[in-house]
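Going by the order they are written in, the chains are A, B, C, D and E; count residues from 1 in each one.
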Amino acid sequence: MIAWILFHLFVFPGMLFTGILGLLIGWFDRKLSARFQFRKGPPLFQNFNDFFKLLGKETIIVKEAVKSVFIIAPLAAFAVLTLISTIIGLALFYQRGFGGDIIVVMYLTMTFSVMVILGGSATGNVFSSIGAGREMKLLLADELAFIIILLVPIIKSGYQIRFDQIIAVQQASGPFIGSASGIIAFIIGMLCIQAKMTLAPFHIPEAETEIVEGPFMEYSGPLLAFWKLNHYMMYVIFPFLLILLFWGGFQFQGIGILWAVLKYVLIVTVMIIIKNTNPRIRIDTALNFFWRYASPVAFIGVILAVLGV
Amino acid sequence: MGWYNKRLAKSLWVFHVSGSPCNNCDIEILDLLTPRYDIERLGIKLVGSVRHADVLLVTGVFNKKIAPKIKKIYEQAPKPIFVVAIGTCVSGGCCFKDSYNMVEKREEFIPIDMYVPGCPPKPEAMIEAVAKLVGVLNG
Amino acid sequence: MKANKIPIGPFHPLLEEAEYFELTVDGETVVDIDMEIGWMHRGHEYISEMKTFTQSIYLVERICGICSTSHPLACVHAIEDIDNIEIPLRARYIRTLVGELERIHSHLLWIGLAGHFIGYDTLWMWAWKYREPVLEMFEIISGNRNHYGMMRVGGVAKDVDPEKITELYKHLDMIDKKMVMVAKVVRDDPVLKSRLKGVGVLTHEAAVAYCAVGPTSRASGVPWDVRRDEPTDAYDLVDFEVIVLPNGDVYDKAVVRVLEIIESGKIIRQCLEKLKTVQGPIINNVKEISPGEGIGRYEAPRGEVFHYIRSDGTNRPIRHKVRAPSYVNIPTFTASCKGIPIADALITLASVDPCYCCTERSIKIIDQKHGHQQIDLLKSSREKTERIRREIHGN
Amino acid sequence: MAEIEQFLKDMGGKITNKIEKKKRLYFNVTNDDLQDIADYLFNKMGCRLSTATAMEMYHGLEILYHFSLDKTGQYFCPRIVIKDKKNPKVNSITSIVEGAVWIEREMFDLWGIEFIGHPRMEELLTLHHPGTVKKPLRFREVGA
Amino acid sequence: MKRLFIDIPALMDSKSSIEDIQCEYFYHRKNPGQFSLLEIAEFAIYCRQCKDAFCVTACPKEALERQEDRLIKRFNMRCVGCKSCILACPFGTIFPEVINYITAKCDYCLNQLSENPDFEPLCSKTAPPGTITMKEISAEDPDNHIFLYGDHLAIKSHHWRHKEDKV
């Protein structure tokens, strides 16, 4: 039993699986982005090379930094993501869940953002602090909409707050994305993900050329490697979450495998296209957008879900 | 360290340090990133923070005002770090070596691993330098 | 405060020369600006005085990679001014050809960067893409992409053969079309227009008081262009217009530059046409420079480059003074930046084209009311563009 | 050249050692007359101050101002000779020509010439220099 | 008339290096004006004025030219300091250290002399005593091997023409 838990946590579908898949899909992202800019893009295993290289580098802890927070933040964030990926993966691949897991995941994603904020502000660097501040505001912006859309599958699955139940309902009666409320929630969900992963147009905290990579500016070596890995793991976690909540999860019989891969790649591709065709927006525009438009729309989705549409 | 070096060779992140150059080397470095030469193919990426760098591209004859800053930059970089000197300026002082405002030994401020001569070196020459560096790392 | 020490100044992601600006702001408005230079001081004048005249030409070429033919040109003009040395006609056309090509490449570089600064990256990519053929033309003419080494006292170092001319025509035809396109974009794009119009105005009076030169002053209605006022080389033999606009804002400066690109294209065509027929030597072999002083200037892409050379009859100068255009243009910030919103500060700084990378993208800002803080200029600049874009396109 | 004649007529009493070349006019003025000459050239004739060159000659330091009359391409170059190499002082023309601020600061930096009446007489190039520099940068004592 | 007087044999014999002599003009300190004087002396006094001058033919940059007064002159904007002329001269009259790529010119400190007739140039102060001096010399004195060149230069050396009784 313990062995299985460890296996799930560290190998499949947790740390190892998510990490590797994330790095691969990260390559996909870079390659596609390069094609958008008429370039060739990096080779397939680029992200692995980057990751292992960073592991071997020196870690510089800045004098001004709060040492413990500085070190713990990326590792804790990594642990949080591993946990999320395990929970989501278990639901997706083994149809296993536990009561309230959806709420746990919700809290964990929030914890991750908090880790970024802590890590950024721990460095004592102005630019990092600006980045951390922006991350905080972005969290404020997208969190409400994110929580609201989580309600939709819960309502639609008959007030089940378990992933396995949500999947079961969808497999029985078709994915939620087929319904009006489902599609609304899915679209808002995509936007929230874009913000949570700080991809364009919401890459405000990491604005590379402006504030020199934001919260992660002062990180180097293994700690930076973990931040990068975290980033790529999110490329797995969030699309999986969307598939799980709205798109009926994965089936692993026959054509189902292909279909599963397709679903995943489709979501990621859409994310990358959004990322490459949009300029950066301002933080208050983002706040405005989420509070004024996204959240109310998400709320309409919830009402529709209650009405059963 | 062979395995690690191979990883390193495939993932060189560069940071650009300019110490009183004439800009031309810098422009040619930027040219490397444009679609025409696209060094991301080789895993090379221009990063914005010196903390993320594996390679420092140094240009220019350091004048006395900027040299201490360059030393500081080097200290901020995580080791192992490679320093590639782009242009004749860094390697030989070019035509500025007689000036009163130049530091005499640039190596005192930043240990240089590789020189790419040329004024400015062609982008192809810089790519070759990278290839050499990769070759060294691969053993 | 540690913020002052962040090496954001000298070393910034997209290649910077080190230059340090200090803005004093009151709320959102810039009230004062201070600049610190000297990170690039290499003692050119001093070195030049230890070299021969011929060596000096190649030395001043290395003042900067962007104006890398304007300085040698002004330098040879100064040497030739000492003795009124005659230059063969063919050499004059070649000099003009190289000088105008450089103007195109430099202005394109600026337009691209200005686009980047206001968050208009398409323009950036465009401009830089079309800059490549210009560099190729340089490679055809001189064999090098950047430092051409074409100038000599009394002429030029390399000839332009007929087969080179045909190839240059090919490149030129291509660039010409694109340039008209770029000009159209800069002049007609509503977003660009409302983003740049009325921003960072340098009044006519201020331009005169600060002795500004080049596009910076011509956009403020100061109609001076060394090419026309003191025609050297082939400038009195070719037709071109001096572009002067009245308003002094960033928009006018941009328009002056794009129109100049088109004018340069015309000049290049005329030169190539003449080079087909005008034959003769390309250098007048100079034996000796007599004692005396000479002033040479050339209208570089950024304005008048000024060289003063004093000779004592030997083969090296006893005083060589160089004044680059940015040196007089940068102090105009004091006039043009006061009272403008922070979001406009960066593009205003960039508008005089202070050597492409002189302008810092993030600047230490001292807020008179709230103490020190860091504000991201590039960001606020881009945000404003975004805002205008929304207003124009309706969300 | 009408401008030169007019100039010589109005200011002829203040200038010495006139050297006339094609489109160039070099002449010596005294420190006291400098501001008058600059005022005349800049405000009355509409010249532009290209720059000023300081140089070290056997008899002391020289400052050569370059006023450009852009309409005709004519240059007027007033020259000032400072005999006192140890402690050179000149009247500043910044009150007349705003653009001279940096030019004069640079001369202070390189040659140690002090400009009387300059609003901000401090180094331009070596301001906040981290190391110790021998100032002024260019000045060498003759015979050393 | 005051002339700058150079005693070349004494200068060559003196142990101090010729490079140590300084010139009043700081900007050409590393290569002071005496070199140009020595060059003049070489071409004026030692040179045999070959009819078909080897040095002129040898120069790849056409920097050497025979002037109307039959003396050879080097034009320094053309000379690249290759020293071929030195190799070519069959009489060994051109000394390598004198033919410089970067040249400086002596103006006999005329400016300073006009202000102060008793002026003593820096070269005279820094040279071995007696080898370079500013002094009153009214006429050539072949018996003491003192020859004039131009208005301001007096050279003490063995003139080949005088030796062969051609003057």
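Keep in mind that, in the parts below, contacts are C-beta pairs under 8 Å (C-beta built on N, C-alpha and C of every residue); 3 or more make two chains touch, one makes a residue touch a chain.
Computed from a predicted structure; not experimentally measured.
K.L.:
By the touch criterion stated at the start, how many steps lie between chain B and chain E on the shortest route?
P.N.:
Counted as steps through touching chains, the separation is 2.
K.L.:
Name the chain whose C-alpha centroid is farthest from the C-alpha centroid of chain A.
P.N.:
If we average the C-alpha coordinates per chain, E ends up farthest from chain A.
K.L.:
Counting C-beta pairs in contact, which chain pair has more, C-D or C-E?
P.N.:
Looking at contacts between chains, C-D has the larger number.
K.L.:
Let me have the rounded angstrom distance from the C-alpha centre of chain D over to the C-alpha centre of chain E, please.
P.N.:
37
K.L.:
Calculate how many whole Å lie between the centre of chain A and the centre of chain E, each centre taken as the average of the chain's C-alpha atoms.
P.N.:
84
K.L.:
Whole-Å distance, chain B centre to chain D centre, using C-alpha means?
P.N.:
42
K.L.:
I'd like the Å distance between the centres of chain B and chain C, where a centre is the mean of that chain's Cα atoms.
P.N.:
Computed from C-alpha means, the inter-chain centre distance equals 26 Å.
K.L.:
Counting only residues that touch at least two other chains, what does the list for chain E look like?
P.N.:
25, 27
K.L.:
Would you give the residues of chain B that are in contact with at least 2 other chains, written as numbers and ranges?
P.N.:
Where chain B meets two or more other chains at a single residue, that happens at 35, 47-48, 65, 69, 100-101.
K.L.:
If you look at chain D, which of its residues touch at least two other chains?
P.N.:
Where chain D meets two or more other chains at a single residue, that happens at 125-126, 129, 137-138.
K.L.:
Using the touch rule from the top, collect the residues of chain C that touch chain B in their complex.
P.N.:
Residue positions touching the partner: 7, 10-18, 38-44, 46-47, 50-51, 55, 58-59, 62-66, 68, 128-129, 132, 145-147, 355-357.
K.L.:
Chain D touches which residues of chain E in the complex?
P.N.:
22, 24-27, 109, 111-112, 115, 122
K.L.:
Mind pulling up the chain D residues that touch chain C in the complex?
P.N.:
Listed in rising order, the residues of chain D that touch chain C are 21-24, 26, 48-51, 53, 55, 64, 66, 70-73, 75, 77, 97-99, 101-102, 123-129, 137-138.
K.L.:
In their shared complex, at which residues does chain A touch chain B?
P.N.:
30, 34, 37-43, 45-46, 48-50, 52-53, 56-60, 208-209, 212-213, 216-221, 224
K.L.:
Residue numbers of chain B touching chain A in their complex, please.
P.N.:
Counting only chain B, the residues touching chain A are 4, 7-8, 10-11, 13, 35, 38, 40-41, 43, 47-49, 51-52, 54, 76, 78-80.
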